[in-house]
Amino acid sequence: MQRHQANVLSNKQVSNRYWHMVVDISELNIDVDPGQFFQVRCADTYFPFLRRPLSVYRINEDTIEFLYLVKGQGTSAMTKIQAGQSLDMMGPVGEGFSLDPSAGNILLVARGVGVATLAAVAQAACRQQVKCYAIMSARSRDDLLAIEFLEDYGAEVFIVTEEEGTSDVENVKRIIKEDICATTVIDAIYTCGSRRLSKLSQSIANELHIPGEIALEEHMGCGMGACFSCVCDIREGDTTKSVRVCTEGPVFPLHKVVME
Amino acid sequence: MTSRKNMQVIIGGLTLNNPIMPASGAFGPEMEQALDFNRLGAIVPKSITKFPQPGNAKPRVCETNGGMINSIGIQSKGIEYFLAHTIPAFDKFQAPIIASVSAESLEEFVDVSATLANHKSIRGLELNISCPNLKGDGKAFGMDAAITRELISQVRTVTTKPIIAKLTPNVTSIQEIAVAAEKGGADGLNVANTMLAMAIDVDTRRPLIGNVMGGFSGPAVKPIIVRMIYQVAQVSSLPIIGCGGVMSGRDAIEMMIAGASAVQVGTASFINPTALTDILAEIEEYMEQNEITEIEELIGSIII
Amino acid sequence: MTSRKNMQVIIGGLTLNNPIMPASGAFGPEMEQALDFNRLGAIVPKSITKFPQPGNAKPRVCETNGGMINSIGIQSKGIEYFLAHTIPAFDKFQAPIIASVSAESLEEFVDVSATLANHKSIRGLELNISCPNLKGDGKAFGMDAAITRELISQVRTVTTKPIIAKLTPNVTSIQEIAVAAEKGGADGLNVANTMLAMAIDVDTRRPLIGNVMGGFSGPAVKPIIVRMIYQVAQVSSLPIIGCGGVMSGRDAIEMMIAGASAVQVGTASFINPTALTDILAEIEEYMEQNEITEIEELIGSIII
Amino acid sequence: MQRHQANVLSNKQVSNRYWHMVVDISELNIDVDPGQFFQVRCADTYFPFLRRPLSVYRINEDTIEFLYLVKGQGTSAMTKIQAGQSLDMMGPVGEGFSLDPSAGNILLVARGVGVATLAAVAQAACRQQVKCYAIMSARSRDDLLAIEFLEDYGAEVFIVTEEEGTSDVENVKRIIKEDICATTVIDAIYTCGSRRLSKLSQSIANELHIPGEIALEEHMGCGMGACFSCVCDIREGDTTKSVRVCTEGPVFPLHKVVME
């Protein structure tokens, strides 16, 4: 949980609402896992005041990448950062995804900017020669990002959007069950970005008796496990337990998460 | 940094290696990854309650201009867990531990304080009589002078270790509460806890904090806290721990000049995980530049 | 802006064309060069005292994180000059004039209020019972519920024009003072005046304000004021004028959602001379986007 | 007292502590007089919060220039503004200097950054073929700016500095009396930047029965005459009167100002 000043190599708008940033980590001496995140200082002012949590989207030898949705003050300010400037980021924070190298096929279920978190799983899966199937859900085609990256990683991508009327839970369920699981044995499910799709993923994982993982989002204060802003409940046997998303997560076993 | 500087300050009989310590609730064992705890003036864990408590509804934090609002509530694992796990985690460091106590009744304050004070590693108590997140529309014990005095005098009967009363800034006269705490037998005063505040999302018309209101901290509040430190220093001879909005060494020095003997740093650590030790270094640099060798010289040195 | 919007709000019987008005002391005739006064909901001149007063020592302003501290004191040319020159300078505009009254005693409040209320161009009175710059370590009439009630009920006897009590935020319970003002006969409540605050130059160790302490305004204080508006709206049926830290239309809307019927804008004009009308335009835009045609619909519309 | 967004043409460091900015006013439709100032927003944040008053240093057909000392938060932030960006400035504010076109010779007495305010007088004098004598006082030679500009305007410049031990009031008095007034009839004195030199200027103006003007500085809130932050006392016959430096000044008749 160190604070770093990383050199920004590029920061570009990639669609209507999304930006993409590449930072140099070659001098930082850090190991980053898929699912971990950084607490980013979006501007050198006291408004936005707090750091913003951003997952690592892609993890390369000398660089990491962020894919971010421009939502409010923080991410808007972040778009002002130019190549050559430095990014004040703290991390890597949290527990990332686990990927069983002996898995044959895995399924990613991402909604919206959730792809920013799951892309790193596809990347790791590709390296370990695990085949990825990916459901990518978004408002519109313009909001769908990283499809090509995922395909480069050998992922088979299924696109659903509101625009096309294909993103309802029933249809996603049908795709998973009929288009994917009918012909393929899925060994693990990974999800991020939508409560509805998380519930669906949870019930499918349960039904098929396969493990799954979910990356959660909560508003954060410290991002260091100190302040208990980011808690959520997870199941521990018969009871629930309060955990901090920033340090005990953001990735949790899918079956343990209590969907609110 | 060439010349030798004496950074020691004394709070209610407790000698601290330096005046900089974390603010309760904005510090935890996990920060050891970023920070050298041995360089802290004291260690102040999150306020502890007698029994486990779940804390408040979410969202628990939101940001404002130059600050943030929190309503964590006192999410706590209870005093047993605290003594079994939290204290040992901090005990290996050189800095003395000051335990922060929170309770819902006077009796519980006395009870928890007695148990904590019995632990040899706990060197002092900070009574959080000011948490605005308890039931009752943000009211706190520390809003009433008589209750403050009574509460502290009762805790006084169960321990001889230093008692620091953490005052609330949400009062008409902080001087009156400070004097009451002093009469009750406090050894030091923390000025102050968070300001009660609120923010609303104008798109949803809902409060940005699950618990509707919360405690406001960060640089925005500093001018109010500096004023209160100055006011309290005029009426009380107790050592003051300044707390609220310190982001830099100069902020800490400002509080000391106003009358604080030590300074707590909370929210700043969220922005900069090494804020505590950076602030200490900045104070040393200021002393060097101004040829100050004894930090105590700064305390209350305001020129009017 | 296509659809027709009704921006009218009512404060104690006074119908305002829109809810945006300047905060006393942060507005003057000179601003006409930058601002169309006809578009204001009301005109609120600097607080006036009976006799001329010189104001406080310099420096009179300093800045802090997201705000400023002022200690102008009520520099005033006295009520005679005010009626002869200031009122006529504002009288030509469409917006009703609400005169802000400051005084050092209860009798003087009554006396000045009676004279002002007699003037046909003065449509309402705002009683500044909250100025922290008077003698006595920042104390103000509005810090005491009984005095507040008494003061307002006496002013009530000399006029039927709307009386707005401008409350101080430097109190333990703003609700208590609000209720006292209501019982005293106020027609509206201004929530609130400035927070008492202080800043010190660490190089000189001197206060940055000549008068040592001063009133803290600007975006930094807004979360405290929003909380107070919400609290007051729970206990009083009087219309509330929100005041403190409004910089944008969204800030004004936030206060209205919390319970304010109108909003005053002070410090924002120092940063942006057309803040008042810009804020009004931003509110209209928000209403347009959210398909709101009656601004009154926003008042107290918070969803808990 | 309008707010403008002026295009910054350049913003450069010109000595150890001083910076120089040129902004384009060709589209602004404003008339600026020597001695007037602008309320400048040094950064688009709430810290620095208030605007900063800066005199116009030079007034050209299409541009105005600022010369500023980097002192604290505000002026430091101002150094970050780059050519091509815009400067949020409000003004021109206040009453400037008056210059009698029939004057033969005038004397400028400037200390430190006071030259930023008086240079515009020299510029106006040159245009009206009034001869300038200028005492320029500063800590060191490095802090002495605009000497060449003043000389270009035909000014005869006398330099005094702490560094060289020449800046004491006695020596300045000697220069004015012996080096300047012994051979020249001075018709008006203008001063800015030092209380000691203002007092000296006042007493010399008094002694020689010549008019003078002084530009004052006070901490400002609104810069629009509304807040009464910036008051000072001036003499009105036998009594004193409180005036606002921002609107009634910053330039006042030298003999009226009460030196504190």
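Just a few scattered comments:
We just call them A, B, C and D in the order they show up, numbering each chain from 1.
In this text, contacts are C-beta pairs under 8 Å (C-beta built on N, C-alpha and C of every residue); 3 or more make two chains touch, one makes a residue touch a chain.
Owing to the predicted nature of the structure, the values given are computational and were not obtained by experimental measurement.
Under the contact definition, chain C and chain D share the contacting chains A, B. For the pair chain A and chain D, the distance between mean C-alpha positions equals 58 Å.
If you average the Cα atoms of chain B and of chain D, the two centres end up 48 Å apart. Separation between the centroids of chain A and chain B, computed from CA atoms only, is 36 Å.
For chain B, residues that reach two or more other chains under the stated contact definition are 64-67, 219-220.
Shown for chain D are the residues that touch two or more other chains, namely 46-47.
Viewed as a network of touching protein chains, the structure reduces to a complete graph with every chain in contact with every other. Chain B makes touch with chain A in their complex at residues 25-28, 30-31, 33-34, 46, 54-55, 58-68, 70, 72, 75, 218-220, 269-274.
Those residues of chain C lying in contact with chain A across their complex are 65-66, 219.
By the touch criterion stated above, chain B contacts chain C in their complex at residues 64-67, 69, 137-138, 143, 170-173, 195-200, 202, 204-207, 212-213, 216, 219-224, 226-227, 230-231, 245, 250, 253-254, 257-258, 286, 301-304. Residues of chain D that touch chain C in their complex: 1-3, 41, 46-51, 90, 218-231, 242, 247. Interface residues of chain D facing chain B in the complex, by the touch rule stated above, are 46-47.
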